[in-house]
Structure formats: structure tokens, C-alpha cells
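Should a chain be cited, it is by its letter among A, B, C and D, assigned in written order, with residues numbered from 1 in that chain.
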Amino acid sequence: MSSCFKGGIDVSVFGESHGKAIGVVIGNLPAGEEIDTDKIIDFMQRRAPKKDGTSTTRNEKDIPEIMSGIYNGKTTGTPLCAMIFNFDQHSSDYGNISHIARPAHADFTGYLRYNGANDPGGGGHFSGRLTAPLCFAGAVCGQILEHRGITTGAHIERIKNICDERFDDVNVTAEQLNKVKKGFPVISCVVEEKMREVINSARNSLDSVGGIVECAAVGFPAGIGSPMMDGLENIISQLVFSIPAVKGIEFGNGFSCADIFGSENNDEFCIANGKIVTKTNNHGGILGGISSGMPIIFRTAFKPTPSISRPQKSVDFKAITETELVIKGRHDPCVVIRAVPCVEAAMNIALLSALVDNAKI
Amino acid sequence: MSSCFKGGIDVSVFGESHGKAIGVVIGNLPAGEEIDTDKIIDFMQRRAPKKDGTSTTRNEKDIPEIMSGIYNGKTTGTPLCAMIFNFDQHSSDYGNISHIARPAHADFTGYLRYNGANDPGGGGHFSGRLTAPLCFAGAVCGQILEHRGITTGAHIERIKNICDERFDDVNVTAEQLNKVKKGFPVISCVVEEKMREVINSARNSLDSVGGIVECAAVGFPAGIGSPMMDGLENIISQLVFSIPAVKGIEFGNGFSCADIFGSENNDEFCIANGKIVTKTNNHGGILGGISSGMPIIFRTAFKPTPSISRPQKSVDFKAITETELVIKGRHDPCVVIRAVPCVEAAMNIALLSALVDNAKI
Amino acid sequence: MSSCFKGGIDVSVFGESHGKAIGVVIGNLPAGEEIDTDKIIDFMQRRAPKKDGTSTTRNEKDIPEIMSGIYNGKTTGTPLCAMIFNFDQHSSDYGNISHIARPAHADFTGYLRYNGANDPGGGGHFSGRLTAPLCFAGAVCGQILEHRGITTGAHIERIKNICDERFDDVNVTAEQLNKVKKGFPVISCVVEEKMREVINSARNSLDSVGGIVECAAVGFPAGIGSPMMDGLENIISQLVFSIPAVKGIEFGNGFSCADIFGSENNDEFCIANGKIVTKTNNHGGILGGISSGMPIIFRTAFKPTPSISRPQKSVDFKAITETELVIKGRHDPCVVIRAVPCVEAAMNIALLSALVDNAKI
Amino acid sequence: MSSCFKGGIDVSVFGESHGKAIGVVIGNLPAGEEIDTDKIIDFMQRRAPKKDGTSTTRNEKDIPEIMSGIYNGKTTGTPLCAMIFNFDQHSSDYGNISHIARPAHADFTGYLRYNGANDPGGGGHFSGRLTAPLCFAGAVCGQILEHRGITTGAHIERIKNICDERFDDVNVTAEQLNKVKKGFPVISCVVEEKMREVINSARNSLDSVGGIVECAAVGFPAGIGSPMMDGLENIISQLVFSIPAVKGIEFGNGFSCADIFGSENNDEFCIANGKIVTKTNNHGGILGGISSGMPIIFRTAFKPTPSISRPQKSVDFKAITETELVIKGRHDPCVVIRAVPCVEAAMNIALLSALVDNAKI
């Protein structure tokens, strides 16, 4: 409940899109970890709207203010709270709230869930803006993982029919993962242009596109995780599905494992440089919910941006009447680019949480 | 932690494959719900090994004994514990424990996680046998959902290249969901024979196959769930990934949403019989983590059974040496058939938990 | 973990005494509840320092700013965050941190717990100031309880050897509970002067005194709570012990039950106005962890303020040397007066949480 | 919810007094800890009914059967389940359920809480019998604490007006704590006879008596615990109040701290044998929710056994009529003797849980 992940660490996200501020409280972080706030801002900038036509032209200055939990540049171990103030907060016009459900948005379901009392402005608590505090938390966790030699990274694996290369699931390096942390996060430089074309074309036809994000971690120690409900897949999934627009997740070879034989899918173990590894990595670095020491790999599917500028059929859920809807404003024709750091953030939170949860007495 | 799902209801699974017993404690069930134990046994029988060559020939009599929480045929509201005793418990031979990692199993990762102290016999706590208590819990939750007009069902959507029909994601009925609760759970009668051939062929070549299970719920009220970390997708995923061999999950049109435009993906709202519905159901019945009133639909991928009879290369993780492994015994050439009720159980637990979590004061 | 209460509602407190801000996130509040912010401020003012010599002369303007979760004057049902900014924030002087343990404070234990990384200024996260956000949360919960006819109240039952009357544990009314919500919260007007004298006398001799607070709730429905670990006593205790300086708690006749016979202690049931009640209320309104419908009553002991102006023997816990300590600054000679609304806040959070946890589907 | 403690370790208790079995699942125990089952049985025997007139003459053979989580004499790290079968289970006579509320019992409140569906036989899930699985869990945790040099112990501090000595709160030793683990757990041999007389006298007059239990831990490392809601007092209290009949708890000098000045109450720090200690221990080994390294000490009050053989006035809560009640059967005239190991068990669970929760990465 309460937009809160409760694991080895706790991450509680609050705020509404048009409210005074959005933010996050992170509990149970290890104490004494140096945190570089510039790097946090870099991380969050990867999520910020782009000036290149791929995203909304709104001006979101998502500069986090740390309220607690950092002292003298290090985590205190007590709850870390960061806020992002909404400077261009709209004056809420209570008399003119729309009750027309935007298709593929949570207007209707949120209205039912909260008896009509939730803040509808800009999607309220359901807004994609709430991924900004998630990224803050992910950036902090990522730095703590880096202190332990663990690196994560993510890239656009696909936008519509244009596919990037995939990470090498056996040999991917921290360097390669860091290299994709850029404005347009793809591995292959040739696909960027094609993807941009697809997005531009969608925008020009008042439409939107979705895609797939691939995320990986290297350096994560073997033996972390738990069987059944607290496996790494379980907690990564729980966090990834907190990003709006996610429709699916798969680990390792994922859905394609259904197409091959066991003899093809099984990753044989061997010894390399005195260390136990697998020759292939169809299992995506997780066996029985527990890390194997191989790169952890997953992919997650994002639906096309629900907000499109074409007229759509819908209903007024208060009046219970059919109507037509035209969504105004500036919207991302493709959320996938900005979703990449969000996926990485979810991975970071999950991995740090599992490490803390597995600490031994 | 502790193989426990903690939500509106709690489900805590315990036991090892070759231990005295496996079982489950279910906490916070609504009180006074009639429970039909025969129907529970029917549910669990769908998970039991088949006599038709598709699964292991071991004889597992998975008859649950209810220890607490049912009184006079009804739930008491206090914790419900059920046990399944392991009658053919192997005498553990402590001197002869294998430290050879079976590929795609949790032998190696479990050994690391528990410092070598976990019970390795038959996979111990990582065994697929632990889905029996999960099915028990799912069967109980399913009956309580039925009391509220909610029906769930699942079928094999695919085994290797053989595909069943899918549920009609808009019009699927409780009757159709109940109809697939049979020995070989498929919708189309023509695919059964083909799937059996694929499985037999795999078994004959000492191999195994995986597949995809589709699960749906109808009658679930709109407005149940929560944004971000406690959405229905989040908790369904957390529970589905507790089933060994699951590699991915997708809701609604899932990964294929990455291939289409927003204008195609958005489900327009309309009014039918005075009720707000969507014309299509790409969203799989969940928007913003909250039920829309449309059928809830997801699919989940199962890898091929890791245990195959062919020799495999592996390592002794205690000696840290390379070796070859031949797995003896009788194994399921395809776990997907028996996985179908497990997926349904995970759905049932998730939905009842969300209902309880969303009860209003 | 993480200074967070996790129940039917979640209350997560963050901040450090000399940090930028302190605050609270409240999750899972019922939606659509009208919240009167003036009444919240009144509640928090009862905790503010007094101008009458009974407390510190510091000037704390504890005006909460609501960041999220209230829309149009009502709870949205999504997380409610409130912040209290520290306007007179001291510039932290990193070079001059004391490592001398103030007796009865958490300086030494906090240092060990957080490897010396916690913010020590003014007690940091251990400061009594953190009860301000607790009071905010308690004020919000209290208003939601009032909407359901439930009233809570607390008073100083004792300061050193001066005792107030107790609440009538059978017949106490909402009116009586509201009447003690005043600057010096006692029932009997004659004890106020005597208590003030004791406090003044302690202050004049550079010393401090403790006391006992009694808290009650009326109108709380019978049948709410749970056996064993989630009984009302368990969750009230968990919350009350989050207030610094609390050393004990007792329900109903509490420790004095050890002195009487079962025949004296047992509260016989009878029927009054068609309703089942008990003739006496030694059980304090809770039986088996569940409310009986009688007033809920508990008392809690507060130790004397640890900060006294006399020289004290202590140690430097970094240098591991013995030393003497003189605490400067302005301190409350008695925290009990300001603790009264904190105890009430803990009760409010516990009761609303139990109501939400017990909502039926 | 669900009679489950959720901390660094999880302890979930299930069962009804007259059901098939009662038991416990313990999650997240450290792996590889040797467990001596004979010592577990010794621990539980301290809770068993005595043959000396101080307790019920019922014959409860509380021999636990371990179902999972122990392998080769060591904890596996996966959930540990133990069951206690109810061999003299009464055949439930459904037609003749009493709806007369026994004073000071949970019959009435439990009936309301569970809509009349809970198992009423022998108190059902509210029975004091449920402390048997709690003792099992406490015995296991206690052995794991002993592996780390931590010892706990408890004794009867008072029965009615007869008081035992108290533990020396500064110098108490493991040896002294172990010495009171005997049939009649008191420190001073002279009080035993007097306490027995008080109990016998109560039994002879068809009455009962309560008392106070004191519990201590030595060897617990300094720096374990957390501020606010997860302090050691909070979690110890949550567990202690899970024992039926507990009415209060106090740490260190507890309620008596209200009677003394700050200058008397503050425990000055000093250095002894190179280690930081306090000269006195009014704080009971906990400051700011965190252990100080001094002995942890608390006392807890038990009400007199509610079941007395005298006629009592009561109500039929189904018919809503007044009536008289005579409780038949054999009851403990004083539960305090048998409660001593239960209190120790609660302490053990709390301390191990805090250690696990505070493990560092």
C-alpha cells in the first residue's frame, strides 16, 4: 500500500503532478556512503524532457532538494527525503475538473479507487512525473552499488520495428553499461536515426509509439536473493511495474525460452579464471530467485504514450455518458527514451534492497 | 523474506522436497467463508503428476491436511495452516550429498545463499513441489473469490511452436474459464494432440520443452488496486515469479504493445448496458495498477524443464572442478501442464489480497 | 526499519533536528476525508514550547506545509506528505562535532548504530523534534476518527509525586477528553499549580522531572484488533515507544493487576441500554488484542528530561576517554506537558490503522 | 495481521486450542546454526503445566515436531516449521457452543472480530496454548543468540504482595540468568515458599492471582536497534503483548522514573576495562531504541488468570441477555510461573530479529 516498496530498503514515493511538490523517502540505507549530488542530477537529467522533438516541450526543472538523510556528503542511515518542487504548478480550477476518461490512462480507475477524491490534475499521483523521485532513489542506490563494484545500465532495445543490438549477456562490461547513459540511450549508433524517424513520424501523425527497454547489471555477487516470493525477479518486477506504461517483463531469454528445448536452454556451468560461471546466460543471472554471478538481464515493454492528439471516443465517468475527447497540451510521442533511466532506477533499488536483505549476522 | 507474500492476505510457504512435510499458512482471510475441501483437492489434482507420459511417473499423493483456520466448514479468520506430508520421504544420506550443479537449477545459487546449510534433497525448498501448498492457498482464495462472483482460469497458450487459441479478452466468460480446468488445459481441442506429440517427442529424445500459460479473471470489480508499487500487476508478478521456471510475464497485449501505435493500443471507453467498459482490452483489465472492470489477462513464460536425461557439462561447486552430470530419475518433460493451476493460484491469491487491501472503512 | 510504522496505514517520519526540514508521509489514508488544517495547527501547538517556564525558550515555529495527499480540503487517498522547515537551522560546524555522550541521550548508541555517520546536531534524527511530524500525523488521523464518532484525549496523570485525577475508565465522555486539550493538560484544576511548582523547582535547581501521561479513547467500535502480534496493545505500544523518553506503558489497571485477585480483576459483563458492556474496565477496553467497546485506556511513563544544566560525568566515545560534560542551551525542565499530544497522536495513528486493517470485504 | 511478527526474522503462529495442531513458521533465520532439539524441549517444559498445584492438571504433551528448516541438525535458512499436535483434541460438539462471555477472556471480542466464525473451543486461537509455539520459536532464537555470546533469562519478580529480588541491572551475569531457568523461576529461595502459599490460597478460595515477570539479556552488542518505530522497546513490546494476560511493560527503572529527578535518573558514562559503560542502568540497556551494551532489562505485568471457579455475572452475546456463568474444568490459579519462559521467548525473538535487521552490507 501507499506507493511504497518495502524490502531491505524502503522507498516511499509521494506527490501529485500539479501539487506543491513530489518526493521520496528512502529508509534503511547503509550509513556513511558518499553521495555525489551532481551525479544524481545527471541521472535525473536523463529522464528530463528532451529538446529534440522526442518528448514533451514542457519545461520541468526537476532539481531535487535533499531534506534529510545526507550529512557531510554521506548517508546518515536515517531516512533520506528528497523533494522536487513544482514551480509551474497550475492553479487548480476546482470548478472545471474533467470527468472524461483519457483512454489508457488511470483517470477512470483512479476515480473509482479513491471515490472521486484523488487529485486529477495532470494525472495526479498517477502521473509519469512520479518517476522523477523514483529516479532520485535509483540514483542514490546506484552510487551505493558502485561503491561495491556493481554497475547497472539500460538502453532502448526496440522502438516499434527498429531494434538496437542487445547487451552481450555473458560478456557485457561495466564500461559498456556506462556508455549507453546518454541522451539517446542505444548501443548501435545506426539505429538512433531510424528510431528518431519513427518517433517523429508518429508525432507528425498525432500518434505515439512504445518500445522495449533492456537493463543489465554486472558485478553483482552470486548468492543474493531468496526462493519463492522474495526472489530477485519478484522484487525487480514489483519495482519495474511501478513505472507507468510497463506492460511486461522478461528475464534472460524470457518468452523465447518457450520455443527451445531444455538441452538448448540449460546454461552449462564451467570454471573460468577459478570462478564458477555459465557458458551461456539464458537464465539472465538469476536461478531460484538468487543471483548466479552472471550478468543480470531483463527486458521490459512500454506501451505507446496514451496521450495522443487525435480525437478519441470516451465516456464521462461521472455523468456516465459517451463523449469524444481531444487531449490538448504537449506530450511525449514516445516515453521509452525517458523511461530508460527509470528502469535502471528500479533495478538499482531492487539490487541494493536485496543486498541489504541478505546481509549476514 | 522467508518465502512469504505479505499483502492484504499473507501466504507463507514452508518445507523441503524430501523433508517431513511441506505446507502453507494463510493469514488474514475473511472469516466465515465456506470452504469445500473436495474442491481444494480437485484444484490440487490438476497440479498432480499425470499418468499420460507428459509428466513424472513419481507417485505424489498431495492430500492436504488442514491444521487450523477452518471450523465447521468455514474460515475462522485466524491463520489457516495446511500440511502435505511426504510419505515417500527418502532417507537422507548425509554422506553422499552431491555438489554438482544441475544446469538451470538452484543448486549452486542456493548453496551460496545458505552457506551450504540448505537441504539439497530433491531441490529442497527450491523444489517445484513447493507449488503444491501454493495451489492449496490459491484454491482457498479462489473459493472466496467465487463467493463474490469472481472467476479465474488459465490454459496452455503455447508449447514450443504449437499455439492454443487465446481467451477472448473482452468477452471471456466464467463458463469458458471453468471449462479449461481439465487434465489437459487448452481451449482448442485440436491442439491437445499436437502438444502431446511435441512433449512425447521431447521425452523420447531425452529432452524437455517449455511454454506459455495464459490466465484470466472475470467478475473482478473495477477500482481495486493501487498506483505504483502496489498495483495489481506488481502483486500478480510478485506471486507468479514465485513459481519456479517462470521467465517472464505480460499483461494485456504485453510485449506486442511495442509494435503498434498509440491510436491502435488505446482502448476507447464506451457504455454497454449502463456500465462503463472499453471496446478493446489491450490494457488487460488494469490501468494505473487498478482494475478497470474488464477481464484481467496475463501470460507467463515457462522455461523447459531443467532436468533432462542427457549428459550435461557442469561443475562441482564445493571442489570447484569441472565435471559431467547425468540426472537420473523420472522428470516432467514439460512442466507447463502442471503449471497451469499454479498460475491460477497465484492470480487468486493476488486478487483476494488486493480486495482485502482495498476494503473501505 | 526506517522510522516507519507499517500497519493499516503507514506513517513514515524523516528529518534531523538541525537539517533542512522534518516531515512525515502517511500512506493508505481513507480517501475523501475532510481535513481542517487549522485544527491540525491547534493540535501541534499543544506540543509547541510554552512561554511559561515549563519548557525550552527556543522559538520553534512548527507550521506544517502539506505537499501532497490533500486536494480541495480532502484526503486524496494517495500519500500525504507534510514538511516542517527548520528556519533557524544552525550552520553545521563540521570541525567541531562533540563526541561526548550526553547521559540518557542517544548520542553514543546512535554513533555506534550508524558508524558515526549520523547527523549529531541537536540529536539529529533522535531529537524530540521528530515528534512534531508524529503529531501532524496524529492530528490528521484524529480528524478521521472524529468523522466516525471516535474521540481521544490525554492528560498528565502525574508529575513526580503530584497526581491528577484519572479518567473515569467506564464513563469518560468525549466532552471530558476534549476538555483537557489545553495548555496545561490536567483534569483537576488544583493540581496544575502544584505541578508547575515542582517543575519550576526542578528548573531552578538545574534539574528536571518526568511523569506519567494517561490517554483514553471513546466511541471506538467493539471487535477491532487482532490476536497475538497485531493486537491493539501491540500497535499502540509500538507507536508510543516511538516517542523519546517513554519508559513504560500499561493498559487498564496495568501493573496494579498484579496485586489483586482474579475475582477482583475480572470485569463482569452486563447489558446497558441494549448494549453489551462491562461493569468495570480493568481490561482498559481491550481483550485478546481486540476492542471491547469500553473506553480504551493506557498510561505511559516519561523519564525526566535528560538534558540538565548540571555538570555530568561522561566519556568521549571517539577518543574513549572519561571527561566531564556541561550541557548548554535552553531545555525543557519537564517534557511531559508537551508529550501529552504526542501520546494522543500515537493513539490516533494506532486506532485508525486498526480500523483500516480490519475493514471487511 | 495474521498473528505474525514481521521483522528481521518473521514468526507466524497458527492453530486453535482444540484444533488438530498448533505451530509456528519462522522465516529468515540465519543458515547453518546448530540447533539442539533436547534444549528446545527443556525450554518448552518450563512452560508446561506443573504437577505441584500451581497450574492446571490437564496433561499437555507439548512435544514439537519439526517439519522443515532443520537439516542435519542445523538451520537451513529456509522457513522452519514446527507443529504441536493436539492428541487429546476434544470432539467439537457444534450444537452446544456457548455464547456466554467469560469475563476477562476474548470470547466476546473474538466473536465480534470474526463475525462468529472463529473456533471458540478452549479459547481457539486466543488460547494461552498458542504460547507453546511462541516458546518453540524463542528457544530456537535463544540458541542462535547463545552462539553469539548473548544470554537471556527471566524470573517471577512478584506474585501479589510477595516480591523476589531483582536482577542486578548493572552486574547480572549469564550464569545468574541461566540459574533461574528452573521449575519455580525465582532468584531468592525464600520467596518460593511464600509465593506458593499465595497461589495455593487463591486456588483454595476458587480464585486466582497475577504477578510481574522480569527479563534480562546480557552480552547483547551495543549499537543494535533503530530510532522511533523500530527501537528495541518497540519490538520487544510488540512481542511481549502477544502473550495473553500481559497488561503492561516497563524498561529499566520504568514507571518509577516518574518519581525521581533527571540528575538521579541519568546514567553517567564511564570506562571500565577499556569499554564504555554506564555506572547505573536506569535506561535498561536501551537509549534511543538502540542497545547501549548494558544489560537489557524489562518487567511485564500479568493479570490474574481470568478463569476462576466462582460463579460470575455475564451475558450471552448472541442472545444479548444477562446470565450467570460457572467455568468448569481445571485452570491455572496463577499463569505467571508458566509465563516466565514465554517472556524470555519474546525477548529472544526480538533480539535475534534486531540483530538480523541490523546486519551490515
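Here is the rule we use: a residue touches a chain if its C-beta (ideal position, glycine included) is under 8 Å from a C-beta of that chain, and two chains touch if they have at least 3 such contacts.
Computed from a predicted structure; not experimentally measured.
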Joint neighbours of subunit C and subunit B, given as chain labels: A, D
Tell me which chain's centre, taken as the mean of its C-alpha atoms, is farthest from subunit D. A
Higher number of C-beta pairs in contact (A-B or A-C) found for A-B
For subunit A and subunit D, what's the span in angstrom between their mean Cα positions? 45
Inter-centroid spacing, subunit C versus subunit A (mean Cα positions, whole Å): 38
On a C-alpha centroid basis, what's the spacing between subunit A and subunit B, in Å? 26
If a residue has to touch 2 or more other chains to count, which residues of subunit B qualify? 1-4, 13, 78, 113, 125, 227
Subunit D-facing residues of subunit A, complex: 30, 78, 148, 227, 355-356, 359-361
Subunit D partner, complex, touching residues on subunit B are 1-4, 6, 9-10, 12-16, 19-23, 25, 27-28, 31-32, 65-69, 71-72, 74-81, 83, 92, 94, 113-119, 124-125
Subunit C touches which residues of subunit D in the complex? 1-5, 11, 13, 101, 103-106, 108-110, 112-113, 125-126, 130, 158-161, 202, 207-212, 222-231, 233-235, 237-239, 241-242, 244, 246-255, 257-271, 274, 276, 278-279, 282-284, 286-292, 301-308, 310, 312-315, 317, 320-322, 357-358
